[in-house]
Amino acid sequence: MNLVDKQLVQRKRKKRLFSNRIMRQIFFSASVFGIVVLAVLLYRIFREGLPYLDIDFLTSFASRFPEEAGIKAAITGSVWLMAVTAPVSVVLGVGTAIYLEEYAKENMFTRFIRMNISNLAGVPSVVFGLLGLTVFVRLMEMGRSIIAGGFTMSLLILPIIVVASQEAIRAIPNSQYEASYAMGATKWQTIRRVVLPAALPGILTGGILALSRAIGETAPLLMIGALSFIAYLPENIWSGFTVLPIQIFNWTARPQEEFHLVASTGIIILLFILLLMNSVAVLIRHKYSKRY
Amino acid sequence: MMNILKDNKQLSLVSLKEKVQEETKAIYAVEKFNLWYGENQALYGIDMTIPMNKVTAIIGPSGCGKSTFIKALNRMVELVPSVRMNGTVTYDGENIFSPKYKVEELRTNTGMVFQHPNPFPKSIYENVVYGPRTHGIKKKKILEEIAEKSLKEAALWDEVKDRLDENAFGLSGGQQQRLCIARCLAIEPEVILMDEPTSALDPVSTGKIEELVQNLKKRYSIVIITHNMQQAARISDKTAFFLDGQVVEHADTTTLFSHPEDKRTEDYITGRFG
Amino acid sequence: MMNILKDNKQLSLVSLKEKVQEETKAIYAVEKFNLWYGENQALYGIDMTIPMNKVTAIIGPSGCGKSTFIKALNRMVELVPSVRMNGTVTYDGENIFSPKYKVEELRTNTGMVFQHPNPFPKSIYENVVYGPRTHGIKKKKILEEIAEKSLKEAALWDEVKDRLDENAFGLSGGQQQRLCIARCLAIEPEVILMDEPTSALDPVSTGKIEELVQNLKKRYSIVIITHNMQQAARISDKTAFFLDGQVVEHADTTTLFSHPEDKRTEDYITGRFG
Amino acid sequence: MTVNIKRMIDEKKSNRRFLSILEKSVPAFFLLCASISVLTTIGITLTLLVETVTFFNRISIVEFLTGTEWWPFGENASYGILPLITGTLLITAIAMLVALPTGLASAIYLSEFAPGNVRKVVKPVLEVLAGIPTIVYGFFALTFVTPMLQLFIKDLPIFNALSPGIVVGIMIIPMIASLSEDAMSSVPDSMREGALALGSTRLEVALKVVVPAALSGIVASFLLGVSRAIGETMIVSVAAGSTPTLTTDVTQSIQTMTGYIVQVTLGDASYGSTTYYSIYAVGMTLFVFTLLMNLLAQYISRRFKEEY
Amino acid sequence: ACGNTEESKGTEEDSQSANAESDGPEVVVDGSSTVFPIMEAVAEEYQKENPDARVNIGTSGSGGGFEKFAAGETHISNASRPIKDEEKASLEEAGIDYTEFEIALDGLSIVVNKENDWVDELTVKELNKMWSSYGDVTTWADVREGWPEEEIQFYSPGADSGTFDYFSEVVLGEEGEIRQDASLSEDDNVLVQGVTGSKNGIGYFGYAYYAENKEQLKAVPIVNDSGEAVAPDQETVQSGEYNPFSRPLFVYVKHSALENEAVYNFTEYALKNAGAISESVGYVGKPDSAYEEALQELDSIAGK
C-alpha cells in the first residue's frame, strides 16, 4: 500500500526547490539591504567628516570656529557614561532575566514584572529623561552628574538586555540543567557555570544593541542637564559632562555649513568607539557561540 | 485487569521484602510512591528497596516508567514542572522529599548517567572536572588526575587523551555516552544511577563499562536500567521488572531469570530477543 | 600497522566486489571515500557497495566512523562545517557529490533514523506528517492515514493514539526513538538509513522494529548500524565491519559471522558480549 | 587509587554553609534587580501622573481623547490627541512594514543559509547600524531618502511620514535581525538534521522547524522593535516636520506623541503652562498605549509557543 | 530691566542647589539653544584667559532653563524670550532673585527661494494675511496683484520655539493663529533646506541661518514702522531699523550666585565682550552703550 504519491512528490519538488532558491535570494537581498544602507550612510559621513579628522580634533575642546572645534570633552564624557551604564545595566538586566527565568514562581507579581519590562521598552527616551531628572538629579541629589546620566541610561536600555537575556536563557535545553543538577550542583552553581556561559552570546547581543542605543541617545541626557559646552574633563562620576551625540546634535543645529561637516567627523569618532566597544563583545560572543 | 495486577504485586512484594532484609542493608526504601505527569499517572504505588553495595537492574518495556523511577531517586524528576508525587522515598534513612532535606547533597551522593548523553558545550576536560570543581576542588593537578582517572574508568581515555581541549559535541554518540559516565564518576558518588548507559556502545566498550560496574559495586550501590536481558543477568544482583508504571517483580537476579514468579515477567524475559 | 591494515582491506575488497556484483544490483557504490573533521581523518578510503532490497548491517566499535559513513550516504555529514571529503559515492548510478545533484531528492529517497532521537518540538501527529506535508501532500484524510500507518509500523500506535496532540518531548526515550522511525517511514523512502534504531528499545519493541525491517526490505534497501551482533546476524543480508575509519571486512552476513576472513573481525564478533 | 575524591569533597563540606548562604542570598539579589524595573515603572507613572492630573483639571479628558485637532499653543489651543496617535501609528506601521520582513529575512539568511564566516562578519556590521545616533538617521531621511522618494512620488512634500517611517524601520532592522538570529541559532542542530533528512529544503527547515521553535525569541525581538519605533523621536522630528495632522496619508507631514514631547521639553514652554502639563498627558497616553499593545502581544505569543 | 530686586539678596538658596556651585570655580549656565552659541563663544574666550575657570553650559531650551534656574541648579539662564509670568512666580516661590540682561540681538529673517524674483518687499500686514489661518492666501497672487498664481509653501520653526513665539506675536497678534498647512520643524537647518528646495516657499528663522545661506536664499526686505523696506543685516538689526523683527536675546543672572567670584567674573566678561563675540557667531551685538549700562547694573547688584 502506497499512501505517498511519488508522482506528486516528484512534481512538487521542482516548485519547492525553486521557491527555496528564490527565497534564499530574497533573504540574501534583505541582509544586503541593511548593509547597503549602512554603506550609503557611512559613505556620506566619511566623505563629509574625514577632512576634519586629525589629532587636534581629538584633543581640543569645543569651539565656535569649526577648524578649532574638538571633541575631547565629549569622548571622555561618553566613555565615562558607558563605564557607568554598561556594568549597571548588564548586572541589572541579566539579574532580572535570571530571576524571571530561573527563580520566579508563575504568579501575579512575576507576570507584572514581565509586563513591566516589555512596557518599559516602549517608553520614549524623553520620558526616561523626565524620570532621571526627578529621581536621580533631584530626589537623590546626584546633581547633573555622570552617575545620574548613567543610571538614567541604564534604566532606558534595561528592557533590551532583559529581553535578550531571557530569550537566551530560555533556549538552553533541559538536558543541560539535568546534567548539572545531577552532579549535585546547586541552583546558583548551575546558573553560573552552565546557564550563563550558554546564554552569554544572547546576552552579549542584547548588550551590544542596548549600549549602541545608549551611546547614541541625546534627548534624555539633555533633559537631566548634561552639558553642551564643557571645556575641562570630568574627574569622577559626580562631575558634569557632555557626550558625543549631544555634541554632534549641537553641531548639526548650527547655521554654519562647516559645523555640519565637523558633526560628521564626530559621528566617525562615535562609530569608532562603538566598534571598539562592540568588537570586544563580538569576540566573546563568537568564542561562546556553540550550537547544540 | 488493573486489580489483578495490584494483587499480584502485593504478593510478590511481601516475599521480596523479607528476602532483602535478611540479606543486606537498604540504601533506598521506596514506599507507596505515585507519580503523575500532569493528568497522566506514570508510576503506581511503587514499593521497593535498593540494597547497598549491590547492582540493581531495572528492566521493562519502553515507556513503562523506568527513567521516571530512577529520576525520582535523586529528585531530578522535579525539574518537569507538571510533575506531582506522593508516597515516600528514603535514602540512607532520611525521607528525600521532606522539606528540610538537602537535595544537592543527595545528588552529590548519587551520580546519574542519562539515557541520552548530555555533555556540556565545553571541552572534554571541562566536562569531566565540572563536578569536582562544583564541589570546591580547585587545584589544577588534582583535577587533571581526576579527569584522567575517570576517563580511564569510563574506557574513553585512549580515544580522547590527545584532544581533551576539543568541544565535547565533536565526539561520536558512544564517546559522548562514555564521557557522561566519566563525568559522573569524577565525583565518586555513593550510588550510581545509570539509564541505559551502554545502549549506544559497542560490545568492547560495553564490556569495559560492565567491568567497571562490577568493580564499583564493592564500594558503591548501583541502579542500572537496561534493555539487554543478558546484561542484566550478567551484572546485577537484583532485578526489578517494571510494567505500565508498576513493579511487577523484584527479586534476586538469578531467581527472577530462572524462576520468575509472575507470568508477565516470564513472558518478557523469555522473549526471543536480547 | 596502518599499512598492513590497508593491504588487508584491499584484499578483502577484491573478493567482496566480485561476490556482490554477481548477486544483486547495487543501490550505492562508494569508492575511495575519505572524510576529515578538520584535521582528523574519520574515514579512510572506503570502498563499498550497498545492495538493493537487502539489509546491510554496519558493526564496529564506538567512534570507528559508522555514523559518519551513513551520514555521508545522504550527505547529512555536510552540515558539520569543518568536514572535507574526497572520493565518490554514487546513488542509483549518479554521483551524489556532483554539483548538479539534487540533495533534497536524495534525502527524500533515503529516510534516516538518527542515533539520538530528534523529534521536532511539535505534537506527535505533526511530527509524523511533517515529511508528507513538506512534500506537498495536503489532504487531511491521507495525512491521518499516513500517520496511523507509520506509527503502527513503528510499534508506537497503541501507546500514543490517545495523545497525538501532545508535545513529542513528553515521550519516553524509546518512544521518541520509535516516533523518529515513524516519521522516517511516513515518506516511504527507497533506502532507509538507521543509526542504532533499537538501542533505546526494549526487546518487544525491538522485535517489532526488526520485523518491520524484514518486511520493508522487500521494497526498500536498508542500512542499519547496530552494536548488537545477534541483531546483525538475525536481520541483515550483508554485514560490514568498520574499524578506525576503514572497512575491514564486508561480506554476506552468514559468511562474516561464521568464517570471518580478517583476524580483527573474528576478535570483534567473538567478544563475549552481545 | 591516587586521589580520594570523596574525601576531598567531604572536606569541602565546610564550604557548604557559605554556599547555602549564597544560595539564599542570590535569589534575593536577583529579585532586587527585577524590582528595579517595577520601581522604574512606578517612578514613571508617578512622574507622569501628578502633572497629568493637573492637566486634566484644565482640559477635559473627553476633549483630549476625542478631539481631532492638536494645537496646544497660543490663545485658541485645542488638545485632541487623535492626530498625535495617528501620527505615531503611521510611523510605527511604516517602520514595521520595513523592519519586520527585512529583519526576519536577514535573520533567516544569517542563521540558516549564510556560510559561517559571512554570519560572523555581517551580524556585527548590521549591529553598527543600531549605534548611529538617531539625529544622523534624521538627516539621512531628510536629505537622502526624501529626495529619492520624490523621484517616484512627484508631489511628495519635504516633510512627510513615509520617509522617516522607512528610516525608523531601517534603524530597527539590526535589533530584529540580531535577536531573532540568536533565537534561531539556539535551536538544536539535531532538529535541522531531522528535517533535512526527510528531504526538506533549507527554506522549509527554516520556516517550518526553526522559526516555530524560535518563535518566542522572534516575537520578543519584534516587540522590542515595535517599542523602539513607537518611542523614536529625533528621526521623526527632523524628517516628518512637526505638524500634528489627523491623517492616514503617508505623504503628509505629521507629528508623533514622542515628537511632541521633545518639542516641548527642549523648547520654550514655561513650566506651569498648560502646554507644559500637556506633555505629561501625552506621555501617559503613550504609556497606556504601549501597555495595551504589550497585552495583545503577550496573548498572541502565549498561543503560539513551542517547547523543546 | 530687572526682576524682583526688592527681595533681600541674602535669601538662602534652597536645599536643591548643589553646594559645589556656590563656592567652586564652576559657573553653571543653561537654557535656550538659540543663545547657546553666544555663551559658548564667550566661555571659550573666557577660559583661554582664565585656564582655571570652569564654565558649563547646557541647552535645555528657554523653558527648561528657567525650570532648572528655579530649582537652584544653575547660576545663569539663557533665554530667547523674556521670562513669563508663571516662571516669575515660581522663581519667587523658590526665593531666587535675579536680573535680566539683554546680551545680543537677532534679526528674524523672512526668506524666499533664490528663484523668487517677484517679491521685493513685504509689509507686516501682508505677512499677517499670508501666515494667518484666517488669511485665505494660497497663491502669491492672493498676496499682491501681479504676483504669480502659484501655491505658496510655508516653513516655520516649531510652535514651541522662541522664534515662533516672537514671530506670531508680531505678525499674528495675541489672537492670531498660524495657518495649519505650514510645515513646522524644530530645526532651522531643515527650514533652510525646505525653502531652498521649493521655488514658491517662504519661511523665517534666525539671522545667522540666513547669513550662512545667502547663496541659496533671499531675505525679503520688510517695511518698518517708518515705512521703509529694510533687509536684515548687522547694521539694520543693531540700529533697530530692521523692525519689528529685531529681537533681543537674554541672560538671567541669579543675584546670590554673584557672590561667587567666578560667576561674577564670567558675567562681567560676558557683558564686556558679548557685542563682538555674538557677531562672530552670526548674531548682532547691541550698541556699546547698552553693555556699559548693563555692567553698571551688574556692579550695583554685586555690591562692587
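Some observations on this one:
By written order: A, B, C, D and E. Residues from 1 in each chain.
Here, a contact is a pair of C-beta atoms (placed from the backbone, for glycine too) under 8 Å apart; a residue touches a chain by one contact, two chains touch by 3 or more.
Keep in mind it's a predicted model, so treat the numbers as computed, not measured.
Least step count on the touch graph, chain B to chain D: 1. Counting C-beta pairs in contact, the chain pair with the largest number is A-D. Our note on geometry: chain C versus chain E, Cα centroid distance of 83 Å, whole angstroms.
Between chain D and chain E the centroid-to-centroid distance comes to 37 Å (mean Cα coordinates, whole Å). Separation between the centroids of chain B and chain C, computed from CA atoms only, is 29 Å. The geometric centre of chain C is 48 Å away from that of chain D, both derived from CA atoms.
For chain C, the set of residues that touch two or more other chains comprises 104-105, 108, 116, 134-135, 187. Touching two or more other chains at once are residues 33, 59-60, 64, 187 of chain E. Multi-chain contact residues of chain D (touching two or more other chains): 188-190, 201, 204, 262, 265-266, 308. Inter-chain contacts, as defined above, occur between A-B, A-C, A-D, A-E, B-C, B-D, C-D, D-E.
Every residue of chain C that touches chain A in the complex is listed here, in rising order: 102, 104-105, 108, 132, 134-137, 142, 145-146, 149, 186-188. Contact residues of chain D toward chain C in the complex are 116, 188-201, 204, 208-209, 212-213, 306-308.
Residue ranges on chain D touching chain A, taken from their complex, read 19, 22-23, 26-27, 29-38, 40-41, 43-44, 47-48, 101-103, 105-106, 108-110, 113-114, 120, 122-136, 139-140, 144, 170, 173-175, 177-179, 182-183, 185-190, 201-204, 214, 216-217, 220-221, 223-224, 226-228, 230-234, 257-258, 261-262, 265-266, 283, 286-287, 289-291, 293-295, 297-298, 308.
Contact residues on chain B toward chain C in their complex (touch as defined above): 37, 59-63, 67-68, 115-117, 159, 170-175, 177-178, 195-196, 199-207, 210, 227, 229-230, 268, 271-274. Residue ranges of chain C in contact with chain D, taken from their complex: 74, 76, 79, 81, 104-112, 114, 116, 118-122, 130-131, 134-135, 167, 169, 180, 183-184, 187.
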